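I have placed the structure first, in the form of structure tokens, so that the comments after it can refer back to it.
Chain lettering (A, B and C) follows the sequence in which the chains are written, and residue indices restart at 1 in each chain.
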Amino acid sequence: MIPDENLESLFEAPPMAEQERMVEALLFASSAPMSLREIEARLPHGCAPAEALVHLGKRYEGRGVALRRIDDAWAFRTAPDLGFLMQKEQVEHRKLSRAAIETLAIVAYHQPVTRAEIEEIRGVSVSRGTLDMLIELAWVKLGRRKMTPGRPITFIVTQTFLDHFGLETPRDLPGVRELRAAGLLDNRPPPGTLLPEMEAEDEDQEDMFE
Amino acid sequence: MIPDENLESLFEAPPMAEQERMVEALLFASSAPMSLREIEARLPHGCAPAEALVHLGKRYEGRGVALRRIDDAWAFRTAPDLGFLMQKEQVEHRKLSRAAIETLAIVAYHQPVTRAEIEEIRGVSVSRGTLDMLIELAWVKLGRRKMTPGRPITFIVTQTFLDHFGLETPRDLPGVRELRAAGLLDNRPPPGTLLPEMEAEDEDQEDMFE
Amino acid sequence: MPDDFMQEQNEINARRAAEALVVDVEGFEGPLDVLLLLSRTQKVDLRQVSILALAEQYLVFVEEAKRLRIELAADYLVMAAWLAFLKSRLLLPPDPKDEGPSGEEMAAHLAFQLERLEAMRKAAARLMARDQLGRDFFLRGQAEIYTRKKTIRYEANLLDLMQAYARIKTKEDFEPLHYQRDSIFTMEQALERMKGLIGEAIEWGELSQFLPEAWRNDPKRRRTAIASTFAAALELVKEGRMEIRQYDNFAPLQLRQRAAP
């Protein structure tokens, strides 16, 4: 009798408490909700996942995590009343990229200025994104078209720009000579960065913002 | 009285049972371990997550999912005895070379350890790729420089390593106590070379495991 | 016939076993690894292993590799030389004038190294046998990604703006950096010079003695001369024409001609 019983127990389903643990682990690790059939396929032979799910659902009642039915599948989800913990409002401060700040400076000092002129002054091409971004920030806007062949569009700075930088008019911007006199030019960038090829590369690789 | 109590409760930490739910939800939602500080930052003001974690750990004892401590961080992981159910979730592990496994073990047991020390222990030079690969797997990272001539860089194991091997701290490495007692984790220089700095540094290592 | 076949097979097996250690040199992780494997043939606790016997076994291994014309990496040969030296120390009565470590100390350290390597091997195996994440236990399959309400605010102040402009407007002021090549003593120059000098360097002499006269005083010139002379010396050591030694960390480097073998 004993060998027989042993043999039978080999094919017997694990106790319900064990089945519950198994379903719990399966649903936890699964990357998508699992249907009853999928759960059953993963459990040892003879298991009754439907019953295990009932027990499991009860166990998680009122907890921070709930067993949820989604269509005909099951998954764990954090309790809806705790959703606020998962959210986090963030204000991220980012510095303008070098390409953006240089473009902005050229617009401010030379306005109204065309894209071709900006490129000539910077010595590198200006990516579309750079000007778009400055326009989106409402620091630069479109000015009148220039009365030269092709009637290119010009760019000018906005009132928002003046407010942000604490200027009354664009004419308040100090000139290069004043900058030098004020010692603001002593902070020279390393010579290598001034090679035009490197800057061109810079602009390609660099994200808009650093 | 009632309005007063309400006002006070606005600024009081939620009851412990509620804090436990919150920590449960947070850790359930995250796949990476969360440090006590990270948990605290997400909870309402005045919560005591350390205590909530103790309650939570007890609650999950013997379940299909377990609360695990990894260094100073916490995470839910499925119970190891149910791994057989999870074939589908198993990720293909790159088979590590013998050199990589040995190097990893040496870093784990001897950390912080320099490249030269690894080579001294294995009696063979460490190929560049070996350490690079362990670093890429995020199992090994750079530690502090050693205060010996040349100030060589040291290597230590990461939280990802501990998480991967189910270790709470490097102290839980298998057999580490016996190895230490047998003097096999000593940094014993070859006879004839006396490097007092190395001995001083050894104290650091002891700190790690004490 | 089957008997013949068996015998032949046995001979092949015996030969293979004898050669296995040598032929499999590719599979070894360095000389310590070989020593560790050889020590197992002694069937004793690593702490009681006979280092003398081990040294002999290793030397046989290297001889055998040479006989089979198997190219051994340099560190195998360095170990062979060291073990031959150790063997002589262990066999000869200690010389009281000798200050170096005794043969026993050296042998004890080697035994320690072997024991430590063996211990790390076992530790590595135990580590890999542990339950592993993604194989035996698993993380949350469907992490609920935090919804982040992200507001980006861009920052730039007037100073940034002005400096950016100044940077553009003063580009022409900058010159690309050129190294002043005239105060560099090149490796080629040093090598040329050293080749002329080694004939006279029979006794040990400090590196500084090999610097050209004109490069000894000015610190900048001296630095470049030291660097290139050292590099040139290493090159000559590699070619087997010089020897180099240093007694302690930061002690002066000493060079001399290497006597013809």
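One rule holds in what follows: a residue touches a chain if its C-beta (ideal position, glycine included) is under 8 Å from a C-beta of that chain, and two chains touch if they have at least 3 such contacts.
These numbers come from a predicted model, not from an experiment.
**Q** Could you say which chain's mean Cα position falls nearest to the mean Cα position of the entire protein shown?
**A** Answer for the innermost chain: B.
**Q** Please identify the chain with the largest separation between its CA centroid and the CA centroid of chain C.
**A** With centres defined by C-alpha atoms, farthest from chain C sits A.
**Q** Which integer distance in Å separates the CA centroid of chain A from that of chain B?
**A** 28
**Q** Compute the distance, rounded to whole Å, between the mean C-alpha positions of chain B and chain C.
**A** Distance between chain centres, rounded to whole Å: 31 Å.
**Q** Using Cα averages as centroids, what's the distance between chain A and chain C in whole Å?
**A** Here chain A and chain C have centroids separated by 45 Å.
**Q** Indicate the residues of chain B shared as contacts by at least two other chains.
**A** 28-29, 76, 78-79, 86, 89
**Q** Which positions in chain C touch two or more other chains at once?
**A** In chain C, the residues touching two or more other chains are 138-141, 144, 146.
**Q** Any idea which chain A residues touch chain B in the complex?
**A** 20-26, 28-31, 42-43, 62-65, 76, 78-79, 82, 85-86, 88
**Q** Residue numbers of chain A touching chain C in their complex, please.
**A** Where chain A meets chain C, its residues are 25, 28-32, 75, 77-78, 86-96, 98, 100-102, 104-106, 108-109, 121-123, 137, 165-167, 173-174, 176, 179-180, 184-185, 187-189, 191-192, 194-195, 209.
**Q** Given the complex with chain A, which residues does chain C contribute to the contact?
**A** It is residues 138-142, 144, 146-171, 174-177 of chain C that touch chain A.
**Q** So in the complex, the part of chain C that touches chain B is made up of which residues?
**A** Those in contact with chain B are residues 29-33, 35, 75, 100-102, 105-106, 108-109, 112-113, 115-117, 119-124, 126-128, 130-141, 143-144, 146, 249-250.
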